[in-house]
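Chains here go by letter, A, B, C and D, matching the order in which they are written, and residues are numbered from 1 within each.
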Amino acid sequence: MARTLIINGTVVSPTGRQLIDVLIDGETVVAMYAPGQVEAQGVTADTVIDALGKYVIPGGIDVHTHMELPFGGTNASDTFETGSRAAAWGGVTTIVDFAVQRYGENVIDSLGEWHAKAAGECAIDYAFHQIVGGIDDEALKAMRYLTENEGVTSFKLFMAYPGVFYSDDGQILRAMQTAGDIGATIMMHAENGIAIDVLVGQAIARGETDPKYHSYTRPSLLEGEATHRAIILSQVAGNAPLYIVHVSASDALLEIAAARDAGRNVFAETCPQYLYMTLEETLAKPGFEGAKWVCSPPVRSAHDTHHHHADLWKGLRTNDIAIVSTDHCPFCMKDQKELGLGNFSKIPNGMGGVEHRMELLYQGVVNGELTLERWVETCCTTPARMFGMYPKKGIIAPGADADIVIWDPATQTRIGINDKHHMNIDHSSWEGYVIDGKVETVLSRGTVVIADDAYVGRKGHGQFVRRGLSQYLV
Amino acid sequence: MARTLIINGTVVSPTGRQLIDVLIDGETVVAMYAPGQVEAQGVTADTVIDALGKYVIPGGIDVHTHMELPFGGTNASDTFETGSRAAAWGGVTTIVDFAVQRYGENVIDSLGEWHAKAAGECAIDYAFHQIVGGIDDEALKAMRYLTENEGVTSFKLFMAYPGVFYSDDGQILRAMQTAGDIGATIMMHAENGIAIDVLVGQAIARGETDPKYHSYTRPSLLEGEATHRAIILSQVAGNAPLYIVHVSASDALLEIAAARDAGRNVFAETCPQYLYMTLEETLAKPGFEGAKWVCSPPVRSAHDTHHHHADLWKGLRTNDIAIVSTDHCPFCMKDQKELGLGNFSKIPNGMGGVEHRMELLYQGVVNGELTLERWVETCCTTPARMFGMYPKKGIIAPGADADIVIWDPATQTRIGINDKHHMNIDHSSWEGYVIDGKVETVLSRGTVVIADDAYVGRKGHGQFVRRGLSQYLV
Amino acid sequence: MARTLIINGTVVSPTGRQLIDVLIDGETVVAMYAPGQVEAQGVTADTVIDALGKYVIPGGIDVHTHMELPFGGTNASDTFETGSRAAAWGGVTTIVDFAVQRYGENVIDSLGEWHAKAAGECAIDYAFHQIVGGIDDEALKAMRYLTENEGVTSFKLFMAYPGVFYSDDGQILRAMQTAGDIGATIMMHAENGIAIDVLVGQAIARGETDPKYHSYTRPSLLEGEATHRAIILSQVAGNAPLYIVHVSASDALLEIAAARDAGRNVFAETCPQYLYMTLEETLAKPGFEGAKWVCSPPVRSAHDTHHHHADLWKGLRTNDIAIVSTDHCPFCMKDQKELGLGNFSKIPNGMGGVEHRMELLYQGVVNGELTLERWVETCCTTPARMFGMYPKKGIIAPGADADIVIWDPATQTRIGINDKHHMNIDHSSWEGYVIDGKVETVLSRGTVVIADDAYVGRKGHGQFVRRGLSQYLV
Amino acid sequence: MARTLIINGTVVSPTGRQLIDVLIDGETVVAMYAPGQVEAQGVTADTVIDALGKYVIPGGIDVHTHMELPFGGTNASDTFETGSRAAAWGGVTTIVDFAVQRYGENVIDSLGEWHAKAAGECAIDYAFHQIVGGIDDEALKAMRYLTENEGVTSFKLFMAYPGVFYSDDGQILRAMQTAGDIGATIMMHAENGIAIDVLVGQAIARGETDPKYHSYTRPSLLEGEATHRAIILSQVAGNAPLYIVHVSASDALLEIAAARDAGRNVFAETCPQYLYMTLEETLAKPGFEGAKWVCSPPVRSAHDTHHHHADLWKGLRTNDIAIVSTDHCPFCMKDQKELGLGNFSKIPNGMGGVEHRMELLYQGVVNGELTLERWVETCCTTPARMFGMYPKKGIIAPGADADIVIWDPATQTRIGINDKHHMNIDHSSWEGYVIDGKVETVLSRGTVVIADDAYVGRKGHGQFVRRGLSQYLV
């Protein structure tokens, strides 16, 4: 097996940064050395990467992607092949995607279906959460089976999208009871979809059909409400672990912070779009262009009572938000987003971002919003711990998978359809952003997949990761 | 220089645990290996310690001790020699003690005085915070000087003890402005001493002189109040870093949690006595025995409105309390505590505990109050980061000081004056406690100081640690 | 028309108490005099009532009764005749009952049905709220019609009882939008019935069929949750006035208090059972006896985290709870409550209390829980203002209806099936309670209906009260 | 004695409004009649005032005035004669002024001194609170004496003005204990004067001497802090009644609201300047003009994090603020305010407003900020109840003093030095304000003092009001 040495780099972990040399043998980190020890101990390798002046960080983990997701009469435009490759370009070495059961379908079958989509396709490692769109006795049994046998230990429910993914409060309660029993984690899309659908219908009836009404009809109050309700239901279910996905608004964050202050097992993620984008600069663009940014929950207004951006950055610092994911779910404008021309409610919901998360969050470090260590923690380490992949993933340590990113803080990255853009989308949601830093080299289980501005990996290198229970709990 | 290998142990960090072998050369960790690599790479050492079945953790750091402190007409009964040795027995490899300036004294002189007390005496490494009992222009200048030149970057003020250490709100504000300016940390003893002194005087006048009245006259409301006030003053001073010492009560914790939710630079520590002891089982013992547990803030009642123990454990989990220290400040009953016979307000305030913190907190792990990782984080890693000693201290990593504890989870520790007790006190505050675990071996900068139930270190091995600014901030 | 003078009494209003003589002419208070003025001005009357040493208060208003309500396959056991007579015995001169529309029924027809039940039957005045069990376009139109034309200006929705009265969040939102538009008030039964039904089904499946499981399966968390949700929905609907009925738990009160602190138009009532009764002393009685106290929300446990009784009394003092009503909805044990033998979920929900509210709340005055003035405010004046009947009702003032109660503070009232008990129920929920005070004389629109321990009124004296909009808002 | 009838007016009380005719005999309201009864009963009077289309309200009570107060080397420019006459012009029929004890002075003597200033001078009735600037054993005894014998039942302390009125936390605690014991009310000037003085000194040292720095150096954080501290001290003192004077900021209001939600005996007032004025439009005017608006706490900025105006109006609605007073303490620019030319800290603190409170708050009714009833409650009725003068004062009811204002809602009032302005000040703080309403007629104890735009009262008509304990508590 090939041996690789990464020397002279600054290894960053959630607790600090140090000059450490890293020895990889095959797929695994096998040793780490203080400066000078490689020479002193006569360590040799097939390949030596000099990371002088660079940060050496664990490969990014994006725990919220939707490759090839069927939604709104079309499919997300990135396949596992294209999407995982773009992820690699972005310093991501593991994605956790969602297998989808809809009401009436069999949970275990649906997982099989998703395995079939991903197997042999991925540039980097991948795992699955399971969406359970129809909670009944059989589905509850399947939750147990997947947790105990299939390495799938987290289950996503929706308080939105009635008739599609929606679970009512009774179904949610039952799923939470089961999760609490088996130690699995419930992931929640927390928006009050029943009330939202009334607002959407009223808007359409008034002729308010432009993309911006997508945001107006999904007020942050209804995200906060659903978040509160999910937290209470988890408490009724015996304090089952609850993970709120894609928090977009201060309203939700306040509920999460209160629950955590009270000692509840409540966790949360946000996504870069909620940290940077405003309604005014995206959805509200003239004509149909705003459709590019239609996702749920929506990007919020800069003129709200709450200062959502500032609050979410603060939540990231205080750990009320533990993780940053992307909710990567891209649709092209042509033929896809355009399904909603004349009716915003028909625009497929989602935005592409798996490639840019590490970059956008590093900009937060540059901007003084979070520390370098916290960047690694929220993007790499906590995702692994929260979803049962640590210490194989999420840390650079002897014995861990050699999923490593070498980050150059001295080079800029320009994002855009004609600049850095490797996702299968006909536009970039982040067009024109310039980041103070760059993904220089990416290793996935010891193999270099990105180097010298080129993708040098291969389809099928990525393996399925069987996950254990969350390691983030007492 | 001697090389030591610790093999087969489970290395624990704040983010997880792994089987890793650790190579020490001289005073430093120089390499860490995945299982099998020591053999594969032919690594040799002068000494090999087999840690099979044991936890290998960073040496404990106790950031709140008072060796030889003059107080109430006597001195704390542990010298730097006896106290630092007891610390080593307890798995502690660094203490941060307090140099004391009183009103009218020179700050820089007082630091010199404390250096003189400690130099050449300690079994393990030591550092200093500076108590500033009299804030004036000269003292403010000295704060800057110590931070920039002396490796002393944290300054303790008192809202209690009028006429002794007390600073008024104007003095506090000025010190916080200076701290904010230079990046230093203000440590606060937060009790409203002006109001407390009225209550104490009234109690004595009513003939309520037993030790238990020490607690009744220092209600938790007045700890909460002072904590709130310190937080607001730090905000007026421009959000200067504020560290609340020895939080004893839910009242204070609620203020800290609220400040942290609001994004303030507010941090806190608690001590084992506040996590385990109740007024009823300690201070309220018949006769004068309660004097053993007289410390400030006092141990709280089990019958309060608040559930202080449960809340403090919860605060430890949520990071609203970042650190556990001991406030080690021991006085013997004979000749010392007895100064307060017939008048509780004359009892020297303090309790000995530097030896038992790691043990008592590990029991929290066994009891399900916190994770193994969080134990290491609160007792070892965060203390180093909060007070500018990381990564030299607080982590097992290549390049770090080889301050390492090998912890045996399979053996019990019985605490008591005739059992494990190495502090220079004529009684044990923890008499009779039995812990499920044991400090087996302790290395300080590569040198074994505790092994085979014996102290094998030497006086003067410990060195002064020059500290930088807190690494715990954005 | 007959003239009545009430002399020498202490007239109590929400702001204070004074010796004032009251002159009634026909149905109306026509003048009020300072002591001595009746003689000085030579005022004469047909009847003179000497109220020396007594309180003279506005007649009680119970805004939450369910006479003859069809529920669970039977009807509430008090008719408008028996129930309104019992109310008079209890110092109540106006009740506001609920007309009931169920899904698929016509709202206006249902109001007509209830008019038919009450007309010519009542001993005292009565008004109606409208229950809207099926929100659709027609129902929303009817809300407007009733408000503008029928003197029915408040509409009750249910978040509980799926399949019976339940409205989903979309229906609630639409009703709130309409209410906000027309100035009407939404009354909300706030319990998460969808989740509760899961818990009930699980309990029954486990064989937990005794009455006490009624409380266990309706945890206060789910009352708090629904209360929070209703508040948020009212905010989404543009801050429409929201009145939470029968608050039973601290969880709900906390949500209400927070909303009110934030300036929301949120109001609440509680009932005597929630101020006095505990699960342990009622529902949990051996065998089936607990069925007597089955109502929703349920009576809470004395061993909860929250101190519900103390908190609710406090809420009454601070006006976070504005009104005390009874939710009078009686069922006999025989043939009615017994429907739930072997299955608590079949027990008709409800308790009788219209007769005892004034007495039980006066006991709160004696116990130091609220002032005499606040007793009058919560039981008489605010009900009139909140539901658009002031100043015709709710105050003793020139021009107001002569609905007056003379209250003897020096006599006790013993409640019980063989003591004071005039409701049509085969048991008393308040058996054995002894109150320090007594309803001595009751006048309804100038006519004495209770005097000398006898009912001297007549069926049909009571008239329908057309109500205006709430006068309790800015 | 003369009899006066006020007919056809709309009498307003805190609970509602009704057409009622009012008969006054001598100094007292002796009867009130429903429309038509005056004729029906043949009631006659010496004078008949037709109030058709007017509001008939209880005379205003201003519980916070400082006539002739010695402050900053000068005296407030209104004497009891000029100030009480201006009050009458403003629809005020009772003022409560402050007798002042300074450290070292005798409390009872100081009350005598203030009696001497006021006796025979006032146009309307007056009462006293007692400022206690030096709490010691003798002062505590005097508090008891005044409460039991002198009709002075409220005591004001200062957390600001060190060296002048300041009490430390121990003194405050002792005063609160005494107040709790005797049922008296503690009034608190809540600003952290110790910290403020540091900020003031620093500003002056930086050459920031203009009036606006008065506000910058008294940040609202320090008003909130002191408010919190006072609340906690009152809790330590056994929940003694605490009344926070002149709340200017959301920070303080939040503390008060939290205390009240928790059931504490905490009450508050605000003043018109804090409801209407901003720093930008007053203190920050160019040159020295801002000195006109120098008062403490200062007028707040429109650009603060908090929306102070909106929050204070909200607090008035929710009763977290119970009372509006003026803190009337006027100083002329010439010779008085000018003492602070070149040093804002030398500007005498205070503003004149006793004449305009009723007008300015009525404008709040017009603007939709509070109801007509709440206007009467906060300006007339609650002041009487809170400070032990009800039902003699604060309500129009048989037996009450005939302190009555006839308010014309159809006429405007223009405020300004050349418009309506009767206070002895050389400028108006409210210059240019135009109010939709007018004080038409004012009766003080049955005597008309303002009518037809003329003062028709006389010096010395006003009598001292001996007050009882607060009637506002359970």
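FYI, a contact is a pair of C-beta atoms (placed from the backbone, for glycine too) under 8 Å apart; a residue touches a chain by one contact, two chains touch by 3 or more.
Remember, it's a predicted structure, so these values are computed and weren't measured experimentally.
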{"item": "Chain located farthest away, centre of chain C as origin (C-alpha)", "value": "B"}
{"item": "Euclidean distance of C-alpha centroids - chain A vs chain B, Å", "value": "39"}
{"item": "Separation of chain B from chain C, taking each centre as the mean of its C-alpha atoms, in whole Å", "value": "58"}
{"item": "Whole-Å gap separating chain B and chain D, where each centre is the average of the chain's CA atoms", "value": "51"}
{"item": "Centroid spacing, where centroids are CA-atom means, of chain A and chain D in whole angstrom", "value": "58"}
{"item": "Touching two or more other chains - residues of chain B", "value": "none"}
{"item": "In contact (per the touch rule at the top): chain pairs", "value": "A-B, A-C, B-D, C-D"}
{"item": "Chain C contact footprint on chain A (complex, rising order)", "value": "168-170, 172-174, 192, 194-195, 197-199, 219, 221-222, 224-225, 228-229, 232-233, 235-236"}
{"item": "Of all residues in chain C, those that touch chain D in their complex", "value": "13-21, 25, 28-35, 37, 40-41, 43, 257, 260-261, 263, 314, 317-320, 368-371, 374, 377, 381, 385, 390-391, 394-395, 397-400, 471, 473-474"}
